[in-house]
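Input: one structure, supplied below.
In this document, chain identifiers A, B, C, D, E and F correspond to the written order of the chains, with residue numbering beginning at 1 in each.
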Amino acid sequence: MNKAFRWLFPHPSLTLILTVVWTLLQNDISAGMVVFGLILGIIIPVLTSAWWPDRPRGFRLGKMLIYISIVMWDIIVANMQVAWIVLTVPNSKLRPAWVVVPLDIRQPEAISVLAGTITLTPGTVSSDLSNAGHSLLVHTLHTDDPDAVREEIKNRYEARLKEIFV
Amino acid sequence: IIAYARSYLSRDDNMGEFFKYLLLFQGAMVGIVMSDNILLLLIFWELTSLSSFLLIGYWKHLPEGRQGARMALTVTGMGGLAMVGGMLILGQIAGSYDLSVILQNRDLIQESPLYVPALILILLGCFTKSAQFPFHFWLPHAMAAPTPVSAYLHSATMVKAGIFLMARLWPVLSGTTEWFVIVTTAGLITMVLGSVIALFKHDLKALLAFSTVSHLGLITMLLGTGTAFGAMAAVFHILNHATFKAALFMSAGIIDHEAHTRDIRRLGGLRSLMPITFGIATLAALSMAGIPLLNGFLSKEMMLEEANHTVLFNTPWLVPALAVIGSLFSAAYCFRLISHVFLGPVRDDYPAKPHDPPAGLWLPPALLVVLVVLIGVAPFLAEPFVKLVTGSLLGTAADVPKNYFKIWHGLVPALYMSVAAVVGGALLLMAYKPALRLWDAAPRPEAKVLFEGLVEALVRLAKSIIHPLHNGAFSRYGAVMAVTVIAAGYHAWVTGTVGDATRQLQMASPVAIAGWLMLIAATVGMVFLHRNRLLSLILIGIVGLMVSIGFVFVSAPDLAMTQITVEVVTIILMLLALNFLPNQTPVESTVLRRMRDVGIAAAGGLAAFVMAYHYMLRDAVTAPISEFHLANSYKGGGGTNVVNVILVDFRGFDTYGEIIVLGIAALLIYALTETLLSSNVRAKLLNRKPDQPRAGNEHPMMMVVLTRVMMPVVMMVGFYIFLRGHNEPGGGFIAGLIVSIGVVMQYMASGFNWASARLRYPYHGVIGAGVLIAGLTGIGSWFVSKPFLTSDFTYVRIPPFQEFELATAAAFDLGVFLAVVGAVMLSLESFSRLARRDNVEENKHAFDIDPSRDDPPNGVSPKTEGAS
Amino acid sequence: MTLATLLTYLSAILLVIGAVFTLVGAIGLVKLPDGMTRLHAPTKVGTVGVGAMLLASVVNSYANGEGSLHELLIMAFLFVTAPISANFMAKVHIHRRACDEPPAPLRDDTWSTYDTPKEDLEHVDTTV
Amino acid sequence: MIHWIIAPVVMPALVAPFIVLAARYHIGIQRVLSLAGVVALIAVAAGLAWQASDGTVTLYQLGDWAAPFGIVIVGDALSTMMVLLTSVLALFALLYAIGSGWDARGRHFHALFQFQLMGICGAFLTGDLFNLFVFFEVLLIASYGLMIHSGGNVRLRAGVQYVLFNLLGSTLFLFALGAIYAETGTLNMADLAQRATLISEEATVGLRIAAVLLLLVFAIKAAIVPLHFWLPSSYAEAPAPVAALFAIMTKVGAYAIIRVYTMIFPPDLEATSGLFGIWLLPAALISLALGMVGVLAARKLDRLIAFSVIGSMGMVMVSTALFTPVGIAAALYYTIHSTLAAATLFLISDLVRTGRGSLRLKPMPPIAGASLTAGMFFAAAIAMTGLPPLSGFIGKLLILDAGFSSPLAVWVWATILISSLISVVGFARAGSIVFWKARSVAPEEGGEPPAAPTPLSYLAVGGLLALLVAYTVFAGKAHGYMTMISKQLFAPDAYISTVLDTPGKLSKPKTEEK
Amino acid sequence: MMMPDDIMGWALVIAFVVTALGQIMAMVRLVIGPSTGDRILALDTMVINAIALVVLLGISQGSRIYFEVSLIIAMLGFVSTVAYARFVLRGDIIE
Amino acid sequence: MEFLIASAIGMLTAAGLYLVLRLRTFPVILGISLLTYAVNVFLFTSGRITIGAPPILRDGVSTYTDPLPQALVLTAIVISFGMTAVVVMIALGAYLGSNDDHVDDQTHEPDEPKTEEPS
């Protein structure tokens, strides 16, 4: 039973995503569409599962949603800041800096999400990963205190991700 | 002759080949004589040149053989072509290619303005074939051929073909001043020249050949006079010459065969050694010299007689004088032949011990000599035959002269002249040594050398024209083509009439202008920055993007999608290729050249602009056929996306061809890759060093993680686009590209090896299946007795889904989809297979850096040593 | 003041917001001093700008009665791909030495981009 | 519903993918399938030609859509004859490819070969200009594949130029098609023929541009000077059997010119009068001269033959450019002849290459199987240079005869006669160097004697020669047929009405509507 | 009631003009470079703005036909950006 | 509008031609791509320009742009894509073999022995 399930849903979350995508594509939420989307959501992962051999470990959807909303908010706020910087701060006064973020999270998905978050929250771009994946290189557009940036990243995002990807 | 040849040829020669050619030649000759249609006659005419080429060249290993053959072919070939021209003109005048008809139309032809060109062309043909001055040079060089050939060819037949044709056309062509002047002059000169040269030739065959030339001149001259008597004399001499000359050639052959030399200076005194040959040769030679009681005498008398009445360039003495000189020299070389070869003391330094040959060799010439004597003694025997031939020759043009053939005409001037000739000949021979010295001292052109020089010069000229022109300079080819097209287009434009515009200009929105600006900027950028290849790729990306947006703007969403997807795949291909190519394009062409190119480019651009602008402001001459498509797309094609319905239904056949093009492209790329990888290129590729140090981290984690979610979504989008293509923008082709790009995304993220090791698609199969499905869908309609690719559709409803359409066009579109996926993937696969290097081990994991995988806490990963 | 009108106003506002952000992104791209800083403006400000416009489209569709959400899909795509693009471009800057040298990583010995394969270093010097 | 007329396109288009799908790794099966396909093609083509021989025009509406809205295949005497010629030529090219083992020297030879056939047949049969473009592309891309088959630097470098040049040609073709559609709003040839007459003489440039661009496109295919530069290297470097098949490709251009400029833009059409009269015939004459001079100049046998192809295309075009019934008839007669002759010569050149190891026109040691090869060479050369007794001579006479009426008659005659003399000299020179001088050169030590060609190779060449002989023997019949065809071409009403007056799905012909 | 449409119209004009302006500025950056990274960035920006343009077009025409176009541009623009970057980083973009 | 499009076609053609006349395969191929763009747009304009009327049948809509040229251009795009891929591959093969990406084949005399094809 469990094996059958695993075979049928190699990546349940992916199936979910695909179903949603399908309904969005079709742009109508009728039963037929959802069912059809579900079918596709099952078939496609099975077809491509060979390219996703190692199944991700546990993953808390609820916390993820909270996280996403937080990030959304940050994005909106921070965008305005950056817009302000871009428009007002002259290049001479601009203080870009590298920030090195040591990573406690280990899971590729987690690290990727973190990096993505960092990049999407303006003012910071996650630029590179150390060659064993234990620290993240972040570039900040304009800051006087890199350590503060690092701390914010670790506390505001990484901590949460640690709880999401257990 | 054939009998003679068998016993003559030595064993090691390839008899079969030889006789093949010889019979071919004979057939041709017979053909010339027989054919009544001049086209047929032309065929046989050319055939003689051809077969003689093969015959003469029969002894391939002798360079003289080859050159002689080629010279003969060239000269007579040229004549032949002139002949073709002349004959066709004749036919055009007469309105028929029937010789009998043509012969009826003497006046019509001679009054036509085309008479002179026709005459000249035909005479050109005859003169070259019969080795008349100034084309007398090729014949003697055809001497390398084995004796029977030259005997047959040169004494008897081929060269007489020209004479024959002159004779055949005599009724229509002769009688005009042009004919008289050209033919008689050429004949006379040839006769004299030939005999003079013959006298001083040491090679037996050369001597005989030139004597033939001279006799042909004689005959030509007779024909040239244009009188019936002249014609009869000509016919008679043809007969006589055939007999004694053939006999002489064979004797020469015998001597060559026995004494292993043909050089007169090394011969002499053969009288006692080979008496039979001596007898034969002497009689024949005397006949040729015009000694009474032999047939040569009779026709020569007639010739001199005729010459007496012939006035050329209003100088009565000219023709007779030349005639006498001619026959004088001819007598001289005949005597020389007898005395220097047979008389005199027996020598002991012959290359071989000469003695009379077996009867198989001497009998044929002997028979001929019998004829010589017979006719010489009793001319009346030949008379009926000759008069018959003459009659058929003259046709309606003139009556056969009454004169009887007899030995004694009384003391006519002709007799004095021939006596003078014979005596003079004898005297000249006595003074041979000083004369020879004189001759050797006299400068004269060597025909063979001239000819070879001429041909080589021709070849050099040809090379100097052809090779610089076709030296593989594509940039020039392109320029020429562009200029040609522009010029032709310009010509079409200026010779036509420009109608008024029938459409209103539309306002351009600021956005359109902005897009235009960017397109122009990117395009100009391409020109100025094209040396940086990566940059030019980025720029062409912009061009593609702008064109796509433009398509959206002018209501072509399908095009926009196709353009953008194709764009991406193309750029991926180009990047894959650029990986092997230099990244920079050096400056090579001169400023002048670039100016030239700018000029051409500007002209071409202007032309394109004018065309586009012209058409856009005018409506088509009547309603375009697409109105039908719009009207019937839904009714007949079952789709609301008219573009897609056109693609899969109205013009599905185009699409069928289109996917086949794609399939072929992929097969080609695959095949070439295979070829390259099985050639020496492979080694080069394997230990290729990247032209710059590469960054670390081949397969970045973030990319891979994203792809795992992204790729399935892309697949789904592709499926979605495919499904709705028939009614909304989209369709099999775009879907195919999207899906392949999804897979490429996977390849880019985790690497080719890893991805294809996990999931290998048989791309060949996919292509084949695609094309087959498309084709079979088309064939399917046969079973309902409809033409290929006839579509049908219906609407079905399976709960819980709402009603959806099932169309055969969808199956066709599926074929398209598969073909596209297969083609794109096979091509990309082939490209990236080239990049496999042996020093890279296949990556075990989807991405290189994964702390959750290899994690000695704050340890050092295996990769780290040796890093910068 | 019907709901439709409200939504129309809303989408108009969203459009303008989007426009502003797009413009800022572009300005940043032109104005900012070096490669890494330039990276900040468009990859995200621009993204948000387009995001706003997409939202506007959604809102507008509801204003016009036929509701459609599929623009959200495009947004999703943009938001997940933007970081990857940015990351790659940053790597390009780092690899091409088009930015000042970043400090060494804390736990590991070098950044992955600097982790050039050995065989490449044998024949060429790394300064490009 | 009779589907035979579509078979020449569909059959190869099914055989090829099947080979790719099923027999990818088995050369043996590929050969069988490919041969079977070609033989079947010959049978079908023969049937179609016979059917069309009495002047019937067969129409096939793809997708059941009536012209001009859908694409139609039209089989008339001309198109079916060309298809037959193609299939027959293909058989011998294929036999040679198999006999000489060329097909095994790279991947996908047979698939590409079949696709090439599909493209050529389609080009001959289609009645739609854009569809013609598509088939041009099919036959071109297949020809790229065949041309570079088995690789090698020289071949690839020549291939690059060949492809690039033709890409320019395709681009030009699209420009022409755009112009055509913009001006007339249709793509169907028959419909075009009707709409072209609607053009008022106040606004002719649109049509004129379109017509001339189209002509140039076809002129590129027909390798008319100065658009011929793509030909020498690509034909010379292509594998012999491929080059032999290519002999038909130039004829596609000639065919298209004959078709389009007798039916759509006939000589008496006001709008396009005086469009190319002044330059087409001279260009053709120059092609003829240049080709034959090239024969004299060539340093390698294969290039020599390639140039002779240009020359023979010049002959065809000279006769075509007269645009008189007699001229077209002569052109058609010569087309078939020159196709066979060129193909034969290319195959023979490969016999020489096989036996001699090189095609350089330098004296070299005697070649394996010399006498037979030599005999074949001289026969083929006789045909190509237009010496009797073979068909070339007859063709030459016909063209001279046709040219008599032209205002440029003197030039036509002079060029044809002189250039054929030059070609005679050139071929004689080459032949005597390759086959005769060989006797005077001693084989160098060590180098093992090259292998003699296989019997099958000789069979292929012999077959072609036999065809040439037959074509000569039945010259009268053949020319009669050509005359019939050219009559049909100059009276295209039957064609046009068949195409346009046949109802299709959801449509009645205009004539009935009104 | 005319007002909202006018406002919408104005908003659209502003959006169009500004996005077009954005495109041109990106083009400027692409031409002046200086580094390849900048140019790739410029291209990426232009792609995103292109999506904006298409969306705006859809709004202004009240048509949904252009959705797929923008969707595809969004999906694939990313691929080409990555491809360019990978080429600079590794030379071989599929390894 | 028409002027913009026509001039764009002209510009693309000119740039394309200029690049086609360059000496290395890479720019030549890019030039051909530009020409392809030019001709595709030209072919498209043969249906004239209509803004905001995509040929997707809708109830109550009567004006559509001419769909046929769109279909033709689509075919043309696909075909020229295949062609581009092929020419890139062949050019690459030629370069790998001879280490020379000149489009002109003048590095050797066409008839010299070294061009002999071992086959």
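FYI, a contact is a pair of C-beta atoms (placed from the backbone, for glycine too) under 8 Å apart; a residue touches a chain by one contact, two chains touch by 3 or more.
The structure displayed is predicted, hence computed values, not measured ones.
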How many links in the shortest chain of touching chains run from chain D to chain E?
2
Taking all protein C-alpha atoms shown, work out their mean, then name the chain whose own C-alpha mean is nearest to it.
D
Most distant chain from chain F, judged by the mean position of its C-alpha atoms:
A
Which chain lies the greatest distance away from chain C when centres are computed from Cα atoms alone?
B
Taking each chain's centre as the mean of its CA atoms, chain A sits from chain F at a distance in Å of 41
So, what's the distance in Å between the C-alpha centres of chain C and chain B?
64
Roughly how far is chain E from chain F, centre to centre by C-alpha average, rounded to an integer in Å?
24
Contacts with two or more other chains, residues of chain C listed in rising order
20, 27, 39, 43, 47, 68, 70, 73, 80-81, 83-84, 87-88, 91, 93-95, 107-110, 112-115
Chain E residues counted as touching two or more neighbouring chains
19, 21, 23, 36, 40, 64-65, 71, 75, 82, 86, 88-89
Show the residues in chain D shared as contacts by 2 or more other chains, in ascending order.
130, 134, 137, 141, 144, 148, 150-152, 157, 160-161, 164, 168, 175, 178-179, 181-182, 233, 298-299
Given the complex with chain E, which residues does chain B contribute to the contact?
509-511, 514-515, 517-518, 521-522, 525, 529, 534-535, 537-539, 541-542, 545, 548-549, 552-553, 557, 560-561, 564-565, 567-568, 571-572, 575-576, 578-579, 690-692, 694-695, 698, 703, 710, 714, 717, 721, 728-730, 734, 738, 741, 744-745, 747-748, 751-752, 828, 831-832, 835, 840
Which residues of chain E touch chain C in the complex?
1, 3-5, 7-8, 10-12, 14-15, 18-19, 21-23, 25-26, 28-29, 35-38, 40-42, 44-45, 48-49, 51-52, 55-56, 58-59, 62, 64, 67, 70-71, 74-75, 78, 81-82, 85-86, 88-89
Listed in rising order, chain F residues that touch chain E in their complex are 52, 54, 56
So, in the complex, the side of chain C touching chain E is made of residues 4-5, 8-9, 11-13, 15-16, 18-20, 22-23, 25-27, 29-30, 35, 38-39, 42-43, 46-47, 49-50, 53-54, 56-57, 60-61, 63-64, 68, 70-71, 73-74, 77-78, 81, 84-85, 88-89, 91-93, 95-96, 98, 113
Parts of chain C lying in touch with chain A, wherever the complex brings them together
20-21, 24, 27-28, 31-34, 36-37, 39-41, 43-45, 47-48, 68-70, 72-73, 79-80, 82-84, 86-87, 90-91, 93-94, 99-100, 102-115
